[in-house]
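First chain written, first letter: the chains are A, B, C, D, E and F, and each begins at residue 1.
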Amino acid sequence: MNHNMNIHTFIGCESEYKDSRIIIFGAPFDSTTSYRPGTRFASAAMRNESFGIETYSPRQDKDLLDTKIYDGGDLELCFGSPELALYDIECMERDALDDGKLPIMIGGEHLVTLGAVRAAVKKYPDLHIVHFDAHADLRDDYLGQKLSHACVMRRCHELVGDGKIFQFGIRSGDREEFRWGRKHVETSKFGFEGIKTLKEKIGDKPVYFTLDLDVLDPSCFCGTGTPEAGGVSYNQLIMAIEEVAKLNVVALDVNELSPMLDQSGASTALACKLLREIMLYFYKE
Amino acid sequence: MNHNMNIHTFIGCESEYKDSRIIIFGAPFDSTTSYRPGTRFASAAMRNESFGIETYSPRQDKDLLDTKIYDGGDLELCFGSPELALYDIECMERDALDDGKLPIMIGGEHLVTLGAVRAAVKKYPDLHIVHFDAHADLRDDYLGQKLSHACVMRRCHELVGDGKIFQFGIRSGDREEFRWGRKHVETSKFGFEGIKTLKEKIGDKPVYFTLDLDVLDPSCFCGTGTPEAGGVSYNQLIMAIEEVAKLNVVALDVNELSPMLDQSGASTALACKLLREIMLYFYKE
Amino acid sequence: MNHNMNIHTFIGCESEYKDSRIIIFGAPFDSTTSYRPGTRFASAAMRNESFGIETYSPRQDKDLLDTKIYDGGDLELCFGSPELALYDIECMERDALDDGKLPIMIGGEHLVTLGAVRAAVKKYPDLHIVHFDAHADLRDDYLGQKLSHACVMRRCHELVGDGKIFQFGIRSGDREEFRWGRKHVETSKFGFEGIKTLKEKIGDKPVYFTLDLDVLDPSCFCGTGTPEAGGVSYNQLIMAIEEVAKLNVVALDVNELSPMLDQSGASTALACKLLREIMLYFYKE
Amino acid sequence: MNHNMNIHTFIGCESEYKDSRIIIFGAPFDSTTSYRPGTRFASAAMRNESFGIETYSPRQDKDLLDTKIYDGGDLELCFGSPELALYDIECMERDALDDGKLPIMIGGEHLVTLGAVRAAVKKYPDLHIVHFDAHADLRDDYLGQKLSHACVMRRCHELVGDGKIFQFGIRSGDREEFRWGRKHVETSKFGFEGIKTLKEKIGDKPVYFTLDLDVLDPSCFCGTGTPEAGGVSYNQLIMAIEEVAKLNVVALDVNELSPMLDQSGASTALACKLLREIMLYFYKE
Amino acid sequence: MNHNMNIHTFIGCESEYKDSRIIIFGAPFDSTTSYRPGTRFASAAMRNESFGIETYSPRQDKDLLDTKIYDGGDLELCFGSPELALYDIECMERDALDDGKLPIMIGGEHLVTLGAVRAAVKKYPDLHIVHFDAHADLRDDYLGQKLSHACVMRRCHELVGDGKIFQFGIRSGDREEFRWGRKHVETSKFGFEGIKTLKEKIGDKPVYFTLDLDVLDPSCFCGTGTPEAGGVSYNQLIMAIEEVAKLNVVALDVNELSPMLDQSGASTALACKLLREIMLYFYKE
Amino acid sequence: MNHNMNIHTFIGCESEYKDSRIIIFGAPFDSTTSYRPGTRFASAAMRNESFGIETYSPRQDKDLLDTKIYDGGDLELCFGSPELALYDIECMERDALDDGKLPIMIGGEHLVTLGAVRAAVKKYPDLHIVHFDAHADLRDDYLGQKLSHACVMRRCHELVGDGKIFQFGIRSGDREEFRWGRKHVETSKFGFEGIKTLKEKIGDKPVYFTLDLDVLDPSCFCGTGTPEAGGVSYNQLIMAIEEVAKLNVVALDVNELSPMLDQSGASTALACKLLREIMLYFYKE
């Protein structure tokens, strides 16, 4: 008798690490969330609920069953210590990059991106960042704290420099963030205007793609800590991701699902489906 | 003193059976639901909440008060035994068809459609089926079970044959379902493309119309067990139903509302309003 | 040591009464709500949750920090006595108008509008009303009650007369309301058709603007007692408000948020953001 | 074909009015509720959920199937007008008393008791009242309103006079209520001390029994608008009701269940079970 | 690099099958649940939430870290087919018993017990059953269905015969169940009266212990489909389990947790803690 | 016109700082919470919901209206930085102690206690601590973090030394915590055994009293992150607090309410009532 039913992965991601082209892992951390915490539960919820979706994508006519993807489970991150958490994320990410994998991190609050970008920029000094979000995340500090989810793109900017960050969907931030942003990053407000010129602008340079799910309109994604009305639809997001898939993406993340705020489960289901589509878009043999 | 306040019907559906052109009834069954059960509560919730809507439709400028519709209450179905439940549904449907009524069944999970189609196809051997859904429901079996909500259109196909089933809004299924479907049914993926040619294709042949409410985008209908992002809007659905109303519809159903997942009540309210619109669209003196 | 942290206002509305151009106040009353009560909690919830949004509007490139707005807190209204509640609202509104302020009332159920309109029409006998809503609210009485949220625009009509009320977004009501409405008010069904001709029609005459948030589609605003499918999007609403801001608006209100129905908080967050946009649109030095 | 499945009564209460010894009816009114409304949904929720309990009581070894009880449905009460609502309740109660029935009213907020007591005291001028509650409900007015749920026993006292009201379980009220109460009513604080002497004190005089369910500790009954810690257990309550059943109870009510606050359904289920036990305790051939 | 973080077991149950004395497994089945389904999610929820409790029991001064327990994950059971589901359960249970393990099954609805008892009684023909529950579960059929959760002890009785089933905590059932029960099983109503004489009555005969968690009062365990007021407390239950642990228990189960009804998580947390205590009570080297 | 309705304090705590004997303030911090965060919302929720309780205590026959208590609002604490947060708490606490006030802090997670104890022990080097809790909180570190809610009493021990900490109600912890605890602190497991000897043991020495609300059984207090079955009742807790009120308590806190987990509001209401009782017990002219 040989049971193995307590292996718990995202649906269709049951390959061995060594055979896999993509690895996914969870970064359940939300200690700096200033408003409503709970994104720490996102990766576990997505694994649980992924069994409510199919492995096959009618849109792409591709199937996770034809891929080799490893689900590395969740990192055990220290609540209350952003620096330690970021360090653990960076190590995980670095290992995956060094092994030639495409790492996909599931947040967690948006700060987790910083750990991954730290690893990516060390390997790819010319790293560009494509950033989908409702919020600019460009503050220099938040209540004196430099390592806050509200500052994450500012911290990333310190690593990659001017003109390397491309933001889309941004519709919230304080005045100072927008002022600063105008000089240092490229921001497309409200939607995806200009997304089709990305390939032309970035070419084959290495790209980190960070997707804050609150870029979606709260009508289709209410399960997030700071819902911002006036966002994009699921179909608009999918089409934008198709554009990003044309770039040389070396690592990516999906963050800010907060399952406790998702009573109906529709946000978690959307996140699962989106992750499937992303894995299929970015999967290369 | 003569109180009759414990009669409990959908708003505006208080006529006697014998006088009515339309009858509605509930089929509260969800035993084969593979993921999140709860559609068994749909018909009772819709009756309760129907008193939050009006009997008058501004869109159609018609009023339930001018119709004769009988609400037959809920069937008492045996949980755990799909075959028995389907049999009871078939009897109810057969009686209504034999009495010259237009039966409208409120599910329950989508499997209940099979019971109604069995009755309809016996009376109308040339039955066609118009199917709005997010899911193809074309599996041959589900974990070995042939009578599962995931297989319901496959079972219906066995009754009506090739080329008689027209699917719209489909955006989920496994690869095999889509492959099989290409040969045996007509499927419009994602939306209602082609809906305007239905009349031309089907003419005056008898039609069973089955509406799985998860064809709607979860943004406007989150109260369902398997929400699928990327669906249609309420207004798109209404316009598609207008097209179906041009056909010779002999029976129909509305299914897969799951009230426990609808904390705000917006999905139940939508289902009530939609049922009102449907009754008014399909009502003929 | 001088703490003042228990002052509780909407974000960015911390000016003194005497210095302010706009005053906001809550009217937490829902006693006549016929279906699901709970709007009494709206103003308190909006104050609490306003700290989850920014003071800066990327759309308008304006900031509440540059305004002088006074938050007068909530009126203490008597539940169970609509007449007393309306009287208290009228007094508050009258004082604000007499002091040259622009009062913005946060409901509560829609009946509260009547108290404010009573004050406004006394000061501005030629008052016009712009009314965004899913429901016509034109009944003469509701179960014998004249002071009901379902009758509020009918009561307002008695104060301002024919041709002064302009309704938008209406998609629910009984047949009689629509019949009556055709003779006495201007109604744009379903959306904002004709909104751009308002300025031409009303000119510089004084306008009361009443915004029932259920004009929004339940997909983006499910936290309300009678959600009506088929409504407008957030962006459509913002653009319509831009048109209203061109009028000579002397007072306004925002009503019918019901926080208990808003498990995810997305409706409350939208209401907060909308109030910020409204304050910035209607703020004049 | 003869369906009657849309008759909707509390389980086991399906007799005709004329044959019944007990009649139950709902009084869905909560307009004066000062804090969290929602008790208007209690009677409908109890009917729906009553099908989750049995008709048989293991405690009493009695069965509703052996009784004749009529469920008169819900009164249609005018929200926003306590006086009208109380009048309708009084009429219903008067008819039942005149027809020799034992009326059991299901609230609604506690104010509904006043309507029933008005009818009862007209028929039985020597009426006594037994009152189980967490709150004294003895205010003279509440924000100027005399007809408020917080004043209901004070209003009842005006009808029955000193020494006729016996309160149990009281653990909340303002200082003035307790002062006033000491002179005019008998109050047993916190629990049921003295309940066994009731028979001796009241003898066979006519008794109205009003049961505010918040007398229960919130641990077993959280589904109520103003939960008060430190209450009695279900078993303590049942034993106290057994004592009341020894009195000459001519009418009674059960009130203050608020289903929206009862996510798990445990409070509604308790209320259903309690109503079954009460009907069986007070049923006399 | 060697990650194994996607192994998903109950806390402290990470041993290999072959080394373990106890095995636990989930039986996520609820298709015959007549009222509110959802127990299918219990075992997954308990694994997830088990990381919120400790492995150490202060009451017993024992630690799961000192045990060898295997978590076999969840069986994949066919919804809609009780007979197939019971067969799969019986096989799992039989294997565990044949391998000399103590199997602990986590339901699921109570019907799952029948599968386990079928296996146990084949190995131990003299099997006795100790049954903690709020409900007698002694119906002969439920709406014509013999394999229903409401009939499970009746079906078990057919396997073990008269005088072998000992019920405790029973406080609900129809009259016929109690009548039948008096002749064929031993029932202690409401609580645990007589529990201390069990050892004397049963001696060292093999015992199957089935624990329906709704034996607990809904105050401490509201997360179950049919909450019954008047139940036992957590401490009373623990002390009763201590008595059962003195018997020769060869297999056991814990069932009827319904996580969807447990908004606060307190019921799931209790179930986790109880399972820990049970594993420690019944663990023998 | 002079409105001040946007002052937001706990009910009955409206005095000026300088006149007050007691000050209350919120410490909304939960960044180190290892399991389910959300206690950051406790103090705001308690202020909001305090208007659902009375200022008068029937148990003590005392009224907050006769006291002078200042509500200092909430500290603005930096999420993600325990050290900064603790520093701000210490400053607030130190000022209050220096001004001769009795500070009552409302958490937040239990770690906030450390900030307050740091201030108290500086002023009262002989400080004793009375600690009510379900959890021992005696770990040396938690995932490497020393400043974690799971370590708070261990950190406090480092400040006050052996034999100064008296724990009650403890029923959870790892084995090592209990071993260590036996040597360094006095622990009463499960309940309040020995509470009556506290006065004798501690005499008039200065005492810090920290009350983790999860000492209560989850039946009466489910709104907390780590509910532990087997706790004390509300009445038992009140009686234990009466004993603590006989000591020379110089500062205290109440923590670990998590409003998001309290759907019914019963836990928040209990916390409000408890705070009222505590303020009245510890209030000295």
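As a working rule, a residue touches a chain if its C-beta (ideal position, glycine included) is under 8 Å from a C-beta of that chain, and two chains touch if they have at least 3 such contacts.
Source: prediction; values computed, not measured.
Between chain B and chain E, the least number of touch steps comes to 1. Chains touching both chain A and chain C: B, F.
In terms of the stated touch criterion, the partners common to chain E and chain F are A, D, listed by label.
Matched by residue number, over half of the contacts between the chains of B-E recur in the interface of A-F, chosen from A-C, A-F or E-F. In this assembly, D is the chain whose CA centroid lies farthest from the centroid of chain A.
Centre-to-centre, using mean CA coordinates, chain C is 41 Å away from chain F. Here the CA centre of chain C is 55 Å from the CA centre of chain E.
Across the assembly, chain E contributes 36, 76, 217, 219-220, 263 as residues in contact with two or more other chains. Taken chain by chain, the contacts fit none of the simple shapes, being neither an open path, a ring, a star, nor a full set of pairwise contacts.
Contact between chains, per the stated criterion, is found for A-B, A-C, A-E, A-F, B-C, B-D, B-E, C-D, C-F, D-E, D-F, E-F. Across the complex, chain D is touched by residues 30-34, 36-38, 40, 76-82, 84, 111, 142-145, 147-148, 260 of chain C.
Looking at the complex, you find that chain A touches chain B at residues 51-56, 58-59, 63, 65, 217, 219-220, 233-235, 238, 263-266, 269-270, 273-274. By the touch rule above, chain A contacts chain C in their complex via residues 35-36, 170-175, 178, 189-190, 217-220, 222-223, 226-230, 261-263. Contacts from chain F toward chain C in the complex involve residues 1, 3-9, 17, 25, 44, 47-48, 71-76, 95, 99.
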